[in-house]
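There are structures below to look over.
Shared chain: chain A. Partners: chain B in the first complex, chain C in the second.
After this line comes the complex of A and B, so read on.
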């Protein structure tokens, strides 16, 4: 019997661990390994180039552009869904008619894959018959034709809007759960003490939502770092690398230019950035834990 | 001055009326305790006084001014909640000074006032701590501190000690009593704990099913309950009730020799007698005899639960701490007839 249980324990643990090792740990270490080579992704012959790939990163103008775009992308991808999600949650937490229906509607986009979201918004941004230009034309009374995704000034922000549209629902749901968890008597203390609605929000509700904010921000950071597919569908990093993020740049260098070694070095840098952000997240988590338990 | 008056106060939730017309006057500096079973409306009444629930009809007056529709913040009341209701992200100092901070009071004044209040509640060394780093008793003192600092006219306490363990509850009860002696403020206190009610109150208000059953001093209610509900609710262990049959001018019941019916008690259907008004005697001299089912030893006193043939419930008897009675043994009981309570079919005292 014990032998039987032992078999199942190993089998049930071994399968996920094996898959995790194969698809996460192994590629991770492979990336580290290849980042020190000039491998093109096909040849079995390649040589070690030491830190050359990392040195190249330092002088790569496109890497710098991608790093700037990634910073903008991440900042916007954190701030916009978090803020909008919080606002929607506050609105729907109060006794608004049809709140349940609106909650479902706002949550729906998160159920769609980024590819579908990207395609929907590509249609919305379509210069000739897209919804956005049609609405602007209706409002202004003049035919409005603007290629939102084809202009360097608006391409990245256009994708950010599409991304935020998808991610806001997730933030909203987490904040709604956070609002439900705020004990009613704390809000009653605010009433008795004479707090204005703004004072109540600023001094009580928002701080009490800190655990939710930590989760929302962490998910936003993780999702935005992984935000490759929607960019790939909508702009492919263009035009003129104006929406090129580090993940996109890594993909282009590795799979379009066949510089797998250099692409691996970019992925290592991206990994280290993610590690630093996760470190900050855990520090914040400890602080929240001290206060809220 | 802080005279509080409730006049024909009613509260309904939808079609369900939970407060059915309350009239109560509370004097300045009085400590009034609301008691009653769960769902009787005592907390709802307190919340209406606080302004956290709207009264469906009736009026709440404070020093003659109508508060019924006033915002909670404009009522000059402070409330201490059962759950303490401390802000977990604020330190003790910030929790106590919260109301003053909202009013825009200058920092120096807040610091001085917080220090003063913390000193009186023995919280001075804890001012930098967060609520989760405090014990239950300390948290409740912080909640009281937050109430005191605003100098309200009326303090409202909603079962403030029910989350504390027994020892801490006794300690906090004394602290609240001291606080009342020191501040001489009007206090309204909700509890389901009779010991708290009896020890703290100047007057007790007994609630039942959205109505006031009786208002009086603790000893008034104990010795002269207006009805069977109050008689059964006040006192621990509770009063013994014996169904009574009358036979002409005699009381006729199982296990007791026929007794002449006292004057004015013709409508009696039940007799109430407190455990301390039953005396253990030799069976030959007893009014009732029965078998001891259970003995509860509390140290200074002992309670015996006696099964009497023909009676629907065990009778509770108070004995000295050191007693030779044992479970299973036979015991004779003599009733102190002068302390008996006679109830009619509607539960009213005769």
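After this line comes the complex of A and C, so read on.
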């Protein structure tokens, strides 16, 4: 029987593991290898440069800028969609009429490509006839022409708003799933005992939603670390690198400047950050499991 | 038994909630509505600042332009040629691996399973350079093959995760009974377990189709010539050609999103389930 099982394990796992190993695991490790070289993407010859690429990271002004932007991007990506998603979930959970339609509307942006989302929002920020400037002009009564995406002060935040618009629906459905697990009688008891709506939310609902919050926050962090497409479309990392992220910086160094060795070094740093976050996530998940499982 | 009291959770004023939600819904719909409006307006109307108002008349010239452009046909075909095989392969292989993890576990199989699932969380930039070198060496750059292969491989974490979790809910007794009757594992998988797993397959099909269709990064890296580009890259390429023809750009965006919008409309239930399942169990 054991013999028989072994045969089937190998037969069934062979292809998936082979594909995953060859095109995901192996490249992951060779990234480390290339990060110690000066490969330019085309020559067959390259040489080992030791820790030069990592030393360069330490002094690269653009890397520092990208790291700061990634941090801002991540913080905003956690706070905005999570808060808004929780709010929407609470409102929808109150058995409001048309909840299904509302849910679909808030969720719709998730199925759009980052390219499309980028294009839509580029139009909203368009200086001459964009929706945002049109509205501001209407309110103030004078022609308002501000190029939101072309100014270093607003470029990153403008993209963050577009990103939040797309991600809120995801946070909402995860919170909605979490809310259905909270027994209605529990809240009724609290109400009878005289707890105010705010107290019920703060002391009962929010703590019971902790597992959902862990998931939402982790997803936001992971998705924002991947943040590339929408920035590529809306700002290309500009103006003056004011909206560059690490993922964007890695792409530019590797595929625009053809410094693939240096690009690999940046990707190793990205990998380590992701690893740290995933480690934290699993630990937190276990903790939540222990408390509420 | 008394009638259950209507549960009021947070706000005793349903009308207020409804109003707030409606306002937010309008705000949320505005961006999408803008594209819709632009696609049925002439360039002149838009550049005169009329994009966000209701159109005086329905103008279909933008759609005619998009649908008549042979480059758009090519982009669409390429995207289908990538999305369909990659979706099918990742789900099939995910089912094979998921079956082993759920029904034939072995020492270390849980660690292996978690290792694969962890692949879901890493930024794709981490494997960009080595994959570019690999496919360059194989002479496959500027073909659709690397895009298909990489999407198949990167789809495995979510597919393995979901198939394993679904298979785990199929009673072991079913498998054992089938084995007693003389079936082998392949027959158990294809005749007993898979037919019971159609919901999971539907969830994965919608998720994978949407993600691969919408992807931008991999075709950007692996393809170069215009007739190998997928639709999302194509939209960016055509921006030059239609630089101030905003209406054509809007129509193009709509046409490019149509497949995923249709999937979303018809399989929304699966889609949401997949997003939450993948997220919560991950």
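The rule we apply is simple: the second predicted complex is superposed on the first by the 281 of 293 C-alpha atoms of A that agree within 3 Å, B and C clash if a C-alpha of one lies under 4 Å from a C-alpha of the other, contacts with A are read in each partner's own complex, and residues count from 1 in each chain.
To be clear about the criterion, a contact is a pair of C-beta atoms (placed from the backbone, for glycine too) under 8 Å apart; a residue touches a chain by one contact, two chains touch by 3 or more.
From a predicted model like this one, the values you see are computed outputs, not experimental measurements.
A.B. asks: Applying the touch criterion given at the start, work out whether A:188 contacts chain B, chain C, both or neither, answering first, second, both or neither.
C.D. replies: So A:188 meets both chain B and chain C here.
A.B. asks: If you stack the two complexes on chain A, which partner ends up touching A:254: first (chain B), second (chain C), both, or neither?
C.D. replies: second
A.B. asks: Check whether A:177 is in contact with chain B, with chain C, with both or with neither, and answer first, second, both or neither.
C.D. replies: In the superposed model, A:177 contacts chain C only, not chain B.
A.B. asks: Return the chain, chain B or chain C, that is in touch with more residues of chain A.
C.D. replies: Counted on chain A, the partner with more touching residues turns out to be C.
A.B. asks: What is the contact status of A:280 with respect to chain B (first) and chain C (second): first, second, both, or neither?
C.D. replies: neither
A.B. asks: So, A:123: does it touch chain B (first), chain C (second), both, or neither?
C.D. replies: Touch status of A:123: second partner only.
A.B. asks: Of the partners chain B and chain C, which touch A:222 in the superposed model: first, second, both, neither?
C.D. replies: second
A.B. asks: Could you list which residues of chain A make contact with chain B in one structure and with chain C in the other?
C.D. replies: After superposing on chain A, chain A residues 188 contact both chain B and chain C.
A.B. asks: Contact residues on chain A for chain C in the complex?
C.D. replies: 5, 8-9, 11-13, 15-17, 19-20, 22-24, 26-28, 30-31, 34, 39, 41, 88, 90-98, 101-102, 104-116, 119-121, 123-124, 128-129, 131, 134, 165, 170, 173-174, 177, 184, 187-188, 197, 200-201, 211-212, 215-216, 219, 222, 225-226, 228-229, 232-233, 246-247, 250-251, 254-255, 260, 263-264, 266-268, 270-271, 274, 277-278, 281
A.B. asks: Mind listing the chain C positions that touch chain A in their complex?
C.D. replies: It comes out as residues 5, 7-11, 14, 17-18, 20-21, 24-25, 28-32, 34-35, 38, 46-52, 93-94, 96-97, 99-100, 104, 106, 116, 118-119, 121-134, 149-150, 152-154, 156, 160, 184-186, 189, 210, 213-217, 221, 232, 235-236, 246, 249, 253, 256-257, 260-261, 263-264, 268, 271-272, 275-276, 279-280, 282.
A.B. asks: Can you list the residues on chain A that touch chain B in the complex?
C.D. replies: 183, 185-186, 188-189, 191-196, 199, 203-204, 207-208, 210, 290-293
A.B. asks: Show me the residue ranges of chain B that touch chain A in the complex, using the header's touch definition.
C.D. replies: 50-52, 71-74, 77-79, 81, 83, 85, 87-89, 98-99, 101-103, 130, 132, 146, 150
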